[in-house]
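What follows is a group of structures, each given as structure tokens.
First chain A sits with chain B, and in the next complex the same chain sits with chain C.
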Partner chain A sequence: MSGHCDGGLRSNIEPNCLEKREIMKKTLNKMAILLLLGGVVFTAQATTPEEDRAAFVKHYKFRFPDVPMEEYPNGAYAIDKIGRENWEAIEEFPPYEPFIDEGQEMWDTSFANGKTYKDCFSDGPGVASQYPRWDKKQGMVITMALAINQCREANGEKALKYKKGPIVPLLAYMAFESRGQVTNVVIPEDDPRAMEAYEKGKKFYFTRRGQLNFSCATCHVQNTGLKVRTEVLSPSLGHTTHWPVYRSKWGTAGTLHRRFTGCNRNIRAKPMKAQGEQYRNLEYFLTYLSNGLELNGPGARK
Partner chain B sequence: MNMRRLPSVILLAVIMAVVAAPTVAADAAMDPKAAEVMKQIDAAEAARKKAASVESEWTTTGKLIKKARAAESKGDYDKALGLAKEARLQGEIAYQQGASQSELRIPAYLKY
Partner chain C sequence: MTISRIRLAQAASGLVLLGTCLVAPAGASEGSSVVEEGKGIAFSRSKGNCLACHMIEGGESPGNLGPPLIAMKARYPDKAKLRAQIWDATTVNPDSAMVPFGLHRVLTEEEIDKLVEYVWTL
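Up next is the complex of A and B:
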């Protein structure tokens, strides 16, 4: 009977063969759906950090073919000619310089117990390229700001606030001493929690939130180079290289997490806690994207 | 008026006032609009918290609830009701937004 199931007009085929064909058709349909779903899942979840970074590089190279990669640490000024002229004029007398001096003084001043920051950061102040990093022992992403406060608390000092204030000069000095180093975020393979933190940061980046229903990617991937009021939207490559930043809008210098907070508020989403898990993971993901780009902090922005 | 009766009249007036006061307060508490406002404010607060539970709260919702409470305390129930209803709606939409974003979705404009 099975010999009659391989062709011919539908009317000439035996009923059993029709059943078999129906079963085969259903099976193929199911396989197609599974393959399709598999493809979506692969696109959405199974990309490696290096594939993510390559996709961002490809995207910006396509959008801004004349902008060399080494320009991206300059943020929007890599793609905004008029803004760049103003920025270069500001950089002649950098508004962040007093913060660097103040930070150096803080670095050199002993804690009440006689120890200094040098006792925590044995490689000296120029260590920005070592952050953010995965700390296996603590099971979390450690940023430079968090490391500063962990150092202070270990030496009996009060933790500093994370968005503005005294932590900024210290970060500015450490960033200045790190200039010329290259972003080099490592996601260790021996601890799956590190990849989980990276993925959480990525998820945060692509999640739409707030009354405006924007994700980070809406502004900094989809609409990079376009304007929101008078501001040119910057690319995400290079977003993390130049912190802390003296922002004319703030009238002072502030931290990356202060900027995260501002971004979230702009889209009318309630911000997360500065140096909380969500923003640290976001920093981990975002900084990984800038791997290979030079550190040029502290910076000045509008 | 007979002056002898004056203390009795005053006493009666005081008794009536004491008896009537809770009744007046109860009437205010029973004001159906005020009760509706409080119900809506509570519902808005619950919706805001639900949105926050999926990290999707909007900055505007809490402000609306605060304004609704202020309007309610001034007795402007219509305004309070409108603000509370808007806040509740915002909280509900924000929760739906957060729930809809539970999975990572990389947009098509980013080509791998």
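Up next is the complex of A and C:
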């Protein structure tokens, strides 16, 4: 936490270090409140999802007072000036564009039985703001990727893999057609299992795991804005607005659950199954946090 | 869980003493090679990877999640305290983001001993 100041030693040399430490202390207090908030909910006392979201917003506003809310969908580039310059250059010729075209072709191509995706998604391809959603009948969180495969299977087609491959262009096209919509995750009150799913996702987010002992919050809440090697840790607000992402490191585009897998691997934790219950619940929680933020997928990251 | 953690911690504090005893009598020339090995462990991405979070003199692309590792001898006159910080930083700060290198067996006790010798030179 004392990244900007070295925890006291140089205060002899650097007069404003003390002042920085005061600020740091205040940040730490705020942080403790937030982490406690996570902790409190694990016990009996409940905070509402809306209170959770407000606490996240407050925390990031405190950390990045100059960053307007509508910047958060841009991830680390909302807070990292140098990274942003490169990113803006990349966005001039977006590397995800071919994926959108390929996805449109898939959307327009009929299944063997003559039906198309349109028969499942009656509102058309621009439906990303409807996901993830609680499905009362199935008793689970349905993500857009899962809905695609349920559509395929209902029409006698094979399910697609969830991290990379042909599902990515289809998701990219649907994300592109959804641009400008606003994140709006609903946790229906008429089914307590929906809230349970949210709580499970939240618990996953705050639980330390892996040999390296990190929770998602360790990096993306507690240390957001600081650097691991050369990577600036992005805020979790906005984490879900722009998938799939073309990632230079991957040399291709991948899904949100592929990213979850990567973050779990980095801490030497066994990754969960893409689109398994744990990651879907995590996506439910994480996307709820971004309620009110505009969808801007597909995205590009370094 | 708590019990095994305490046991581990006890075992560790035993090892701290052991570690210091083993290293302390080493001569200056031998000492410097231990320091070199410690540096290797600190810089290696698959071992300590301390540079992920700490600025260290001579290390490339450091992160800044943790404080720069400088003047360690002055800040940690007690070598065992330094070792304890590396073994499990969460005993000092429960919310620490630093990897508990000993507790989670990311590094062996011997590797941590070497690392401590190196970090103490910074």
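As a convention for this text, the second predicted complex is superposed on the first by the 257 of 302 C-alpha atoms of A that agree within 3 Å, B and C clash if a C-alpha of one lies under 4 Å from a C-alpha of the other, contacts with A are read in each partner's own complex, and residues count from 1 in each chain.
Basically, a contact is a pair of C-beta atoms (placed from the backbone, for glycine too) under 8 Å apart; a residue touches a chain by one contact, two chains touch by 3 or more.
Note that the coordinates shown come from a computational prediction; the quantities given were computed from them, not determined experimentally.
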item: Contacts of A:F214 with chain B and chain C, given as first, second, both or neither; value: second
item: Chain B versus chain C as contact partner of A:Q222, first or second or both or neither; value: both
item: Partner chain(s) touched by A:Q278 [first = chain B, second = chain C, both, neither]; value: first
item: Touched partner set for A:W243, first chain B, second chain C, both or neither; value: neither
item: First, second, both or neither for A:T230, with chain B first and chain C second; value: second
item: Partner chain(s) touched by A:Y131 [first = chain B, second = chain C, both, neither]; value: neither
item: Contacts of A:K58 with chain B and chain C, given as first, second, both or neither; value: first
item: Residues on chain A lying within both footprints (that of chain B and that of chain C); value: 211, 213, 222
item: Chain C-touching residues of chain A, taken from the complex the two chains share; value: 1-7, 9, 31-32, 35, 211-214, 218-219, 222-223, 226-231, 233
item: Touching residues on chain B, where the partner in the complex is chain A; value: 52, 55-60, 62, 90, 94, 97-98, 101, 103-107, 109-112
item: Touching residues (chain side chain C, partner chain A) in the complex; value: 51-53, 61-68, 70-71, 74-75, 90, 95, 97, 99-100, 104-106
item: Footprint of chain B on chain A - complex, ascending; value: 43-45, 47, 51, 54-56, 58-59, 199, 202-203, 206-211, 213, 217, 221-222, 265, 268-270, 272, 278
